[in-house]
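Here's the structure we're looking at; comments come further down.
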Amino acid sequence: MNDGIVNVGVIGTGMIGSLHAGILSGRINGARVVAVMDLDGDRAAAAAANCGGARVFADAGALIEAADVDAVLIASPDAFHAKGALACIAAGKPVLCEKPMATTRADAERILRAEIAAGRRLVQVGFMREYDRAHRALLDLLRSGDIGRALRFRGIHMNPYRSSHATVATVIVNSLIHDIHSARFMMGAEITEAFVRWVPAIPKDARSARYAIIHISFDSGAIGTLEWSGDSGYGYEVEVEITGENGAAGTTGVHSPILRQGGTRSQAITPDWPDRFFDAYVDELAAWTGSVLAGQATGPSAWDGYMSLVVAEACIKSTESGQPEPVAGMERPAMYLPRGA
Amino acid sequence: MNDGIVNVGVIGTGMIGSLHAGILSGRINGARVVAVMDLDGDRAAAAAANCGGARVFADAGALIEAADVDAVLIASPDAFHAKGALACIAAGKPVLCEKPMATTRADAERILRAEIAAGRRLVQVGFMREYDRAHRALLDLLRSGDIGRALRFRGIHMNPYRSSHATVATVIVNSLIHDIHSARFMMGAEITEAFVRWVPAIPKDARSARYAIIHISFDSGAIGTLEWSGDSGYGYEVEVEITGENGAAGTTGVHSPILRQGGTRSQAITPDWPDRFFDAYVDELAAWTGSVLAGQATGPSAWDGYMSLVVAEACIKSTESGQPEPVAGMERPAMYLPRGA
Amino acid sequence: MNDGIVNVGVIGTGMIGSLHAGILSGRINGARVVAVMDLDGDRAAAAAANCGGARVFADAGALIEAADVDAVLIASPDAFHAKGALACIAAGKPVLCEKPMATTRADAERILRAEIAAGRRLVQVGFMREYDRAHRALLDLLRSGDIGRALRFRGIHMNPYRSSHATVATVIVNSLIHDIHSARFMMGAEITEAFVRWVPAIPKDARSARYAIIHISFDSGAIGTLEWSGDSGYGYEVEVEITGENGAAGTTGVHSPILRQGGTRSQAITPDWPDRFFDAYVDELAAWTGSVLAGQATGPSAWDGYMSLVVAEACIKSTESGQPEPVAGMERPAMYLPRGA
Amino acid sequence: MNDGIVNVGVIGTGMIGSLHAGILSGRINGARVVAVMDLDGDRAAAAAANCGGARVFADAGALIEAADVDAVLIASPDAFHAKGALACIAAGKPVLCEKPMATTRADAERILRAEIAAGRRLVQVGFMREYDRAHRALLDLLRSGDIGRALRFRGIHMNPYRSSHATVATVIVNSLIHDIHSARFMMGAEITEAFVRWVPAIPKDARSARYAIIHISFDSGAIGTLEWSGDSGYGYEVEVEITGENGAAGTTGVHSPILRQGGTRSQAITPDWPDRFFDAYVDELAAWTGSVLAGQATGPSAWDGYMSLVVAEACIKSTESGQPEPVAGMERPAMYLPRGA
């Protein structure tokens, strides 16, 4: 960082890790990928080569502690996220950790307490929708006050693939966690209650999930729904709609050409998330790199990572009890200022 | 009816009654308004004059029993609906009764049992959305099987006016009853559970309703939401969206010109229900008139009127318990065939 | 007409004639089809039966002069239109004549002079787009003054079928005549110049027409284009867009459900004109019937029929000269008040 | 360029020059602004400071010949474009020249011949729409063959400001030149004829331009229109629609949130070109920088700059003659391969 360039170590070089590494080395002026780690050595070596010759590590801890690594990006399997984030905090290095920050509320709280003990924000969680232009344009509109106080949040998250082996609990922690964060961030409010109903993907397996609706209440008095499909039948679509006292507003994520053909007027919907959110990943990494250089974290925080898991836990409890469940997290520590609308 | 014309008596000549009477006398080939009744004699006289000289009654019972009245349209205040419908059944006369068919489940059951005892359908309930072209086009699409089995129903019902004095219970029975019926009809399934959350219109009056979401489950395994606003901030909008296994489809109720002006591209939304549903009322009355002439009821039935109130009752109970509540109506009597998708 | 019912005679019982006859006898309160005529006697008999037993004529002139025929609807082949309209004027009977009113400017002028000599409007030309709700909503918006003085007219007329044998001249007189009238009516101005370019349907036949653009100028100073396809590749679409000094506005003719499926978000476009304009035909016939009963013509006039042919003639001349051609009709006779925006 | 970084000199630091310089120095990995020139020394100094200390030149020729300037960006007033481009060719330096490449056809031809004499492409013209994602997505769709051979091009170019002092000739060379290039590029065909009609901005000044339509024909047999407004009354909008044998497709440039408020459903339209095309400028400069590093020009060429002026000249002639005018450029030199669809 002495030369105004952040030397990044990337842990995990699967689909999302490679995407991040490629963007960091090819598109972000102030970043350089100097180290990569993956249990699959060949995959790590390929990613290192794509980044112009980064060092390959076999051990995540060693990468985190390497002297020439200024900051760390964790894109490993979910189970490692918490351990990796804690090691980064221990090493005093900024870390961009993919969502979910942990797989349990307890682990998330551990990270939060470690960061508080460290006395400064080091963790950014990979809730990249904050950087999506459609979301930002809606947020600008909300902040303008034009539609007044928000009464209702609607999160739409339609996936294109059959994920029939996923349980509703996995879906909540791994996929709906994005929508939980969006709801909190876009509304600038905390979720206080969650109630879940879903349609199974496999009729005989009641806990498999094909389509789910989470009903949420906010501490602002607003209410909302998170709507999720594991197999939309048409493509990938993420949208947010917010109803305020003086009107309603929503994102528009479909920008493809209008085609008239064969009896219809149509627009192509993005097939999957890499197409839909590529720009958001670029902007996320640019913002994160800038915040590392400035020594001042700005993006989704460990508090956001923790609270999203607290909500997820209430959601899972609701899937078991069949009732609405209260969301009870700790008080927001002073270190974490309110963000969002 | 000897001359192929249905002689209709209209009870209630307020806004909706006058609308019906005007359509019946001016636009429906096979109908004639021969009698009107209203407690407000002047209003009744004015309506009678608009229909080319119908007789004015001061008593609803007398109108129902009048020898020259072939069929009755009830558009009186809600509290009279049940009594009027029962009198029509007793007189053996077809009746188009505005929604709700009754104000309580017990009264609705009374009507249902009376009609069963009469041995034939005489009652049609004024769920006019069934006749709206946007709804019918969506229903056609569902019936084509194109999007497969329905997984999710979404009902959107945004009103333009501040109805701040209405309690959530009133809103459910008087306004959301439309959406309850739409959900049952469009899905071709019965609702089995309801869970309600709402934002008060008056902060200090927790039971006043500004915005409400009802979460519903269906006996088909599908789930859904009914979304209602008492004051949208922008106009009147009723839409239905249905997600199936192989895609999703929704109505489009906004048909106004596209205007580019002052920095925006916009379309006007209908200001209120008379504009939005005028055609549906015409088609409803044409279909009802035809069914009376044919001696064969076809539209929303007493069963629909009853079940919508059973669901409404569960919704109200949920507003009191704060929990999801089961919907438990009687078994569908054989006389009422399944309708809808 | 003594009993407030117009007894209509229908000449021509092909596709459009049958459509008109069916609407008149089944949907229009004040009309009755009492006579039909077609060279194809079987077809005429079938149409008569569908109208509840109208008399069948083998001769158009006899039908027009029949004592019990109050008014005439001409839906015969184009070549007969002028002769039929002249006979109706001679008989003093109101006539709704399908477009084009004549096939030549000379014949159109003959009708115009005959009607002027008769001293009152008897002829309405079947430019049914005037009765289309999308067109009317746009006209209302224009008349409100909201977008100011019109600077530019755009007429879009896409047909779904291969009409590869039609010459550009035939296309102008038979199909683009609708758009010529729309331009005049929606703009409330006369066309003063026309310039035509087209893409042949058959490469070796330069006068066949697949796609055509007519550039027009108006006496108001505005300019515009009429855009026509003989084979859109996707369905039937008719739209109008008008740019004013303070904004722009256009019709929206696609009202079908929004379908998300197979990678796209789409809406079905009406396959052909009977679907797109059925309501307009109903409203046209209701308005015409009303105007006959009132003894006061209101719809598209013989002047409109004449002027559309004068413009068509200039268009055809431009296809021959390759140059813009002036439109030179007679002065508008006082009997024909300005209509449209 | 020895270190893989292109050292750019920027001539002209007005609105568009500053925009380019800011993007080059802040967003493009492989570019650095080392020199700026402007007749307004203060403005030049400010721009130099914004680029991290570029050298300030008072003379464009000196900047072009400076040893440490690898490539030149010309964003000076139009009148200097040709002279600057010629100097760059003489110096053997790649140049990105803002549109129009020259203000007369003769000057454009001079550049073209100089580049041909130089034996390799050095000139890229600033037709940045080629880099706009909406245009690229449409081009991808065309290239897929999905809608077949193109029959019709429609270019829409609506400006937000009153430019009432501009003559139609100025508008053609300075603003519609973008649309002329788009038509050629998107259609992959040369324009062979142009016919212009327009509405004056100032009623008494017939050559002032408020709204213009250019009718064009292509050597592929297709036809089209370029539609331009100097004051749309609503914002800035650039769209392209292409009708093919098997369907039609068009860009969608409006991506703002959908807002429901005050009786309408609306989306904000970008107020002006810097908002609409910022991303296109970034992508243009990234592509140009990459092409300079690769030593292989790829973007809009001197041939495109020349042909757009040849077409513009025919357009201007048509505004004088009132007739369609043929477009007669030289044969395409072998050095310039076909580009576009």
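For clarity, chains are labelled A, B, C and D in written order, and residue numbers in each chain start from 1.
The definition used in the following text is that contacts are C-beta pairs under 8 Å (C-beta built on N, C-alpha and C of every residue); 3 or more make two chains touch, one makes a residue touch a chain.
Bear in mind that the values here come from a model prediction, so they are computed numbers and not experimental data.
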item: Most distant chain from subunit D, judged by the mean position of its C-alpha atoms; value: B
item: B-D or A-B - the one linked by more C-beta pairs in contact; value: A-B
item: Between subunit C and subunit B, distance of the C-alpha-averaged centres to the nearest whole Å; value: 39
item: Rounded Å distance between subunit B and subunit D, as computed from the means of their C-alpha atoms; value: 58
item: Cα-centroid distance, subunit A relative to subunit B, in whole angstrom; value: 43
item: Per-residue multi-chain contacts in subunit C, two or more chains; value: 147, 232-234, 246-248, 259-262, 267
item: Contacting residues of subunit A [partner subunit D, same complex]; value: 26-27, 29, 133-134, 137-138, 141, 146-147, 246-252, 255-262, 267
item: Sites on subunit A touched by subunit C in the complex; value: 232-235, 237, 254, 259-269, 271
item: Contact footprint of subunit A on subunit B as seen in their complex; value: 147-148, 151-152, 195, 197-200, 203, 210-211, 213, 215, 217, 221-225, 227, 229, 231-234, 243-248, 322-324
